[in-house]
Amino acid sequence: MLPDLEPDALVALLERMIVARRFEEELIELAGDRDIGHFHVYIGQESTGIPALSLLEPGDLSFTNHRNHGHLIARGAEPGPMYAEILGRATGYCQGKGGTLHLASAEHGFPTTSSATGGCIPPAVGAGMGFQRLGSNRVSVCLMGDGALEEGAWHESANIAAMEQLPVIFLCENNSLEALGQRAGEYPSSTMAATELTDLASVFGIESVAIDGLDVRAVHEAMARAVHRARNGEGPTFIEARTVRWPGNRPIWPELATGKTDLSMAWDISLIGADHASWYRELDGLLGFTRELLTVGFFSRDIVIDIDELATERVREGLSFALGSPYPEPEEALKHVFASRGN
Amino acid sequence: MAETVRFIDAISSVLRREMERDDDVLILGEDVSYGGPFGATAGLSQSFGSTRIIDTPISEGAVMGLAVGAALSGHRPVVEVMFADFVTLAMDQLVNHAAKFRYMTDGQLSVPMTIRVQGGVGGSYGSQHSQSLEAWFLHVPGLKVVTPSSVKDAAGLLASAIRDDDPVVYLEHRGLYWTKGLVDLDDAPTPIGSAAVARSGSDVTVVAVSRMVDVALLASQKLALDGIEVEVLDLRSVAPIDWATIDESVRRTRRLVVVHEAVVTGGLGAELVAGVSATAFEALISPAVRVGGPSTPVPASPFLERLYTPDAEDVIAAVLETLSEL
Amino acid sequence: MPLTDSAQPDLEDLEMMWRVRAFEEKVSELFARGEIGGLLHLAMGQEATAVGVCGALQPSDRVFSGHRPHAHAIAKGAEIVRLFAELVGRRTGYCGGKGGSMHLTAPEVGFVTATGVVGGNLPLALGAALSSNRRGGSDVAVAFFGDGAVQTGLFHECLNLASLWQLPVLFVCENNGFAEFSPISAHTVVERLADHADTYGISTETIDGNDLTLVRPAAVAAIERARGGGGPSFLECLTHRLRGHYEGDPTRRRGPAAVDEGKDPIQRFVHFLYDGAKDAELEEIEARVRAEVEQAAEEALSAPWPERDDLLTNVVA
Amino acid sequence: MRKMLYAEAVVEALRRSVQGDDRVHLMGQYFLGLTPHRTMVGDLFRQYPDRVYFPPIAELGYVGAGIGAAIAGLRPIVDCATASFTFQAFAQILNEAANIHYMSGGQTSVPMVIHYNHGVRGGGAAQHSHSPQAMMWNTPGLEIVTPSNPADLIGLVLTAVASDNPTIWVDHVRLFDTEGEVPEDIEPIPFGRGSIRREGTDLTVFASSWMVHRSLEAAQILATEGISVEIIDPRTLVPLDEEMILRSVAKTGRLLVVDECHLRCGIGSEIAATVAEHAHSDLVAPIRRVATLDVPVPFSPPLEEYVEPTTAKIVDAARSLTGVQSGD
């Protein structure tokens, strides 16, 4: 179902979801031509991250992980400097020092990105503690995968967040439903004994909810409630958003297993063949959201096509910007170990 | 029978042979039954099953401690740490438990375990997946630390590590995984604590570890064209250090250069230079020189990565520096 | 489960509880006299959990303790003279003077080790359980820890692993209501710590840990389950520390008044056994054990110090 | 000037930090370890209840929380109590805090202070006697301060709190009972400037934290034998006052490094290597290191004394370096 939003806002969500998708598709293609190092893509989770993070305001902080590209786009980061960072160029958000694993843009509310599993959890909780102690009504969002719940950092941090009733939202994107090593039907994620991931939070008295991460409305509602609670001093919330791992994510190196997304599959089922049929029909949140928008009749296919063209163009421009950007100056390697000293 | 194989395959083969040789050898790590991220354990689960090839959750601290507990109980676990940087999550179990049980119990307990740690710069992995942390491990009494540079030693040191009755940190540079070399798995394992003379020379001693051994050899080939004969020592064991071999070489060449990829400050090179300066002070006729990573985190950009990593030119410059001070 | 004879504690258990109590009191005295240095965490008042659980174990079962380990070592069968010798830093101690209070070991009786790191022993017990499991053996591993360990990340990682792999391990949480110096309410909002174990699908029981007649059968049931392949259990024993966090703790919060509240596990078991009647037998046990402890302490104090050469041995094999 | 115990100075440094900047919050309660002095900090905690956070035993979680709080705008001073417990938090201290400014290309700073008490303290045995500062030094991105007296302590902590970088504040419980002069109006002490604790001509001794006191004691003994010792206290290890060390070695020609870290790859290794590289020609004798021996710290008192750098060992090393025979 669609979130209870004005048409303009819905279009904005669609636009960012498409940008996020095209961004990764171009990146995977680029990686076919040249060695750009290891990276993780967000395909299949757009329906979670984009509506969820659209509810944040400037000043709210988000702490993400190795699968971060979609999160940055959700909060308005530009494809150009993102690609530039992934390619190690001087024009990247971190001037080439972070790369895909540490892609961060402070101006968009991503102060630092940890790619150590669970590494983002304690700082996210700490930011909530900082806000609370500063008397601010800002919120801190911890963007974590289900694997992070296997880390001790989760347990220690959840306890602190619960004890102090911190304005923290744990948005756990559980994409393990088809992950490597899953014990089908036995556990919800690869190697976690808890039968419900939400139990791991609710045991601390943290308000917890499991939602369908492919359902934009469900995501939007759960996140809106969590943000409201956090802003009003009602404490932390844990949201488990269940998504399905995109078939292209199965190997260690992502590949365009389902091809470049053909948005016309949203309205023309005959384009869907036998391969990955369930993906195109049910599991791709982007196609699903597009279908819903068309069904409700907010706008026509032509508008979707227009949005896609513009989004694709924006992404490609970003990529050319990055490819045309210089590498950093050698001395850059020695800068920013320390912030300049005030003495 | 000697054959030419890749570094990573030598690791694989030794794991298999040691598991066949000793039923007490277990392998633990994330996704090891699928071969792990670089394929070191590929095919092992088919042969040995999930009772001995054990996939773990992403719980580095618990897994390290669990391996210690299994080792205390007579098993010989081999723990795979996917990236060296993640040892930070298991430091307490490694430093405060694995390394100390023999001593704290005055020899009553043994911790025969191997910690395979993959690390090093390359591939734009960035600050949290590229570190070389041998200096930390060297600083912890009770740990043995080895870091092979050749395929032969990759095999030989791993066999020694697994058979050793103490915790051995086995450091693998991922940049070496696809290099090839000749190895005979039936050869005696490489003893822990012995350096190798990778090239003989009389003018300058260059001590290198891991991937930097190849860099030092390349530099020494170039220098040989100018008539400068460099002796390259492949340290192989970071703890214990083979002081005798270093001392003998330095007393002959009277000059010392140390090369590693890790940060210079507080690094292995500091210990080597400090040690030689104390014991062979009068032999040195020019200051020792350290070549290594700068005091910065590892950057992601491939361009900055190349700047960060010492290359043959850096080693040549250091060698020439030791020769210029006469 | 119904109480079987083997699940019933008896006079030997009373004697063991006295041994622990007398040992800890003697240690406290030696500390005050300056014979023992370092950090000492005593278990007076927590005898019933140590004796209740360890008395249900076989010698080959392995115990891993934390920073308050004396009671567990004694109850598992360690020799008190060698324990004393270790605490006073003598060569004849269990670790030759290298370990001290927090790193005791008595592997021959299945007391593998203790650790000074809160929660640090949990994965070790897990590893021993894994080892037993992989050898097809029936030995069980036990981890004793306080309520403070429940807030550590390792606790979470270990409970998950134990459940995933259905390992023969018993987690014994001695919940004395204080984590180091703070009341537990300052450390967690979780009131029943066993709830954590429920989350991972581990069998749990929360009992009055001062009552030996409750601890023993609960331990027997959990150990039998583990031996039979039924996986891990979590036993939360609500106990009561009669001393501060460590000897010399300037904020000591506990006093003998607690005894009056009927929490002293020895008094309670005595009451259970005798219903306040046969005092003579009780006094005989206490006197005998105290004499034994005094003698052991004397013996330990007259033992030689370690040699300088001992210092550099046993770092590696 | 007033006389003050080091432990009192710890409390004063915390008090001034809290009073001087609303953003300073204290996380942790064992700044004074488990020493009898630990209650001294209690008044401060009672005075500023809203500025203090007592965390659970969860070092990974709460040190990481300090990082996030710093990013969000606080200037937390986080206490890890005993140095050994930092190992629980290594992933956050060394893989997050140290890297964040660099990884983000300078976008994000982590203005926090992390405090711990290091060293052999008497009966701490292997798990409570660590000096992990050498390992932290090997990880770029952390400033490290190692005060040795009350005045330096206060001045350095004021600078640490004002610094935009994660700073490790290293104390030693054996310092708590030492006394020192403290100016009435103490100013922040800039990082990277060492202090010459004693001037001398025959031998340079480099020592930090508690080892400064042992070195001073040794220097007095040596003075009676005609050996003139110059003692350099770096005050901060990162940044390091290399110039002061090299200048002193140029004068004396001899260097002895006294270090409570383990010998292998300790602070002493780096100082020795730096001097060997840059002042080789000034040296008239080999560089010596007196450090904690490379064994886990044992429990038994005679064993413990045997592993740590004692005054007697410093005296012996100085005698052998200056060519004076051991003994009288």
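Read from first to last, the chains carry the letters A, B, C and D; within each, the first residue is number 1.
Throughout what follows, a contact is a pair of C-beta atoms (placed from the backbone, for glycine too) under 8 Å apart; a residue touches a chain by one contact, two chains touch by 3 or more.
Everything quoted here is computed from the prediction, not taken from an experiment.
Asks: Name, by label, each chain that touches both members of the pair chain A and chain B.
Replies: C, D
Asks: Can you list every chain that touches chain A and also touches chain D?
Replies: Neighbours common to chain A and chain D are B, C.
Asks: Farthest chain from chain B, going by the mean of C-alpha atoms per chain?
Replies: C
Asks: When the contacting C-beta pairs are counted for B-D and for C-D, which pair yields the higher total?
Replies: Counting C-beta pairs in contact for B-D and C-D gives the edge to B-D.
Asks: Using mean CA coordinates as chain centres, what's the chain B-chain D distance in Å?
Replies: 30
Asks: So the centre of each chain is just the mean of its C-alpha atoms; given that, what is the distance between chain C and chain D in Å?
Replies: About 37 Å separates the centre of chain C from that of chain D.
Asks: I'd like the Å distance between the centres of chain A and chain C, where a centre is the mean of that chain's Cα atoms.
Replies: 47
Asks: Taking each chain's centre as its mean C-alpha position, how far apart are chain B and chain C in Å?
Replies: Computed from C-alpha means, the inter-chain centre distance equals 40 Å.
Asks: Find every residue in chain D that makes contact with two or more other chains and list them.
Replies: Expected reply: 56, 58, 60-61, 84, 88, 91, 95, 99, 102-103, 125-127, 140-141, 294-296, 298.
Asks: Where in chain A do residues touch two or more of the other chains?
Replies: In chain A, 92, 94, 96-98, 102, 114, 116, 119, 150-153, 155-156, 159, 163, 191-192, 337 touch at least two other chains.
Asks: Residues of chain B that touch two or more other chains: which are they?
Replies: Expected reply: 56-57, 59, 61-62, 85-86, 88-89, 92, 96, 100, 103-104, 126-128, 141-142, 294-297, 299-300.
Asks: State the interface residues of chain B toward chain D in the complex, per the touch definition above.
Replies: For this pair, the touching residues of chain B are 85-86, 88-89, 91-92, 95-96, 99-100, 103-104, 126-128, 131, 133, 135-136, 138-142, 239, 241, 262-263, 265-279, 281-282, 284, 286-290, 294-297, 299-300, 325.
Asks: Which chain D residues qualify as touching chain C in the complex?
Replies: 34, 36, 38-39, 54, 56-58, 60-61, 84-85, 88, 122-128, 293-296, 298-303, 306-307
Asks: Residue numbers of chain C touching chain D in their complex, please.
Replies: For this pair, the touching residues of chain C are 36-39, 86, 89-90, 93, 95-103, 115-119, 148-149, 151-153, 179-180, 182, 186-188, 246, 248-251, 305-306, 308, 310-312, 315.
Asks: How about chain D: which of its residues touch chain A in the complex?
Replies: Chain D residues touching chain A: 23, 25, 50-51, 53, 55-56, 58, 60-74, 76, 91-92, 95-96, 99-109, 111, 140-141, 143, 159, 162-165, 188, 190-191.
Asks: Residue numbers of chain A touching chain B in their complex, please.
Replies: Chain A reaches chain B through residues 35-38, 85, 87-89, 92, 94, 96-102, 114-119, 147-148, 150-153, 180-181, 190-192, 252, 327-328, 330, 332-334, 337.
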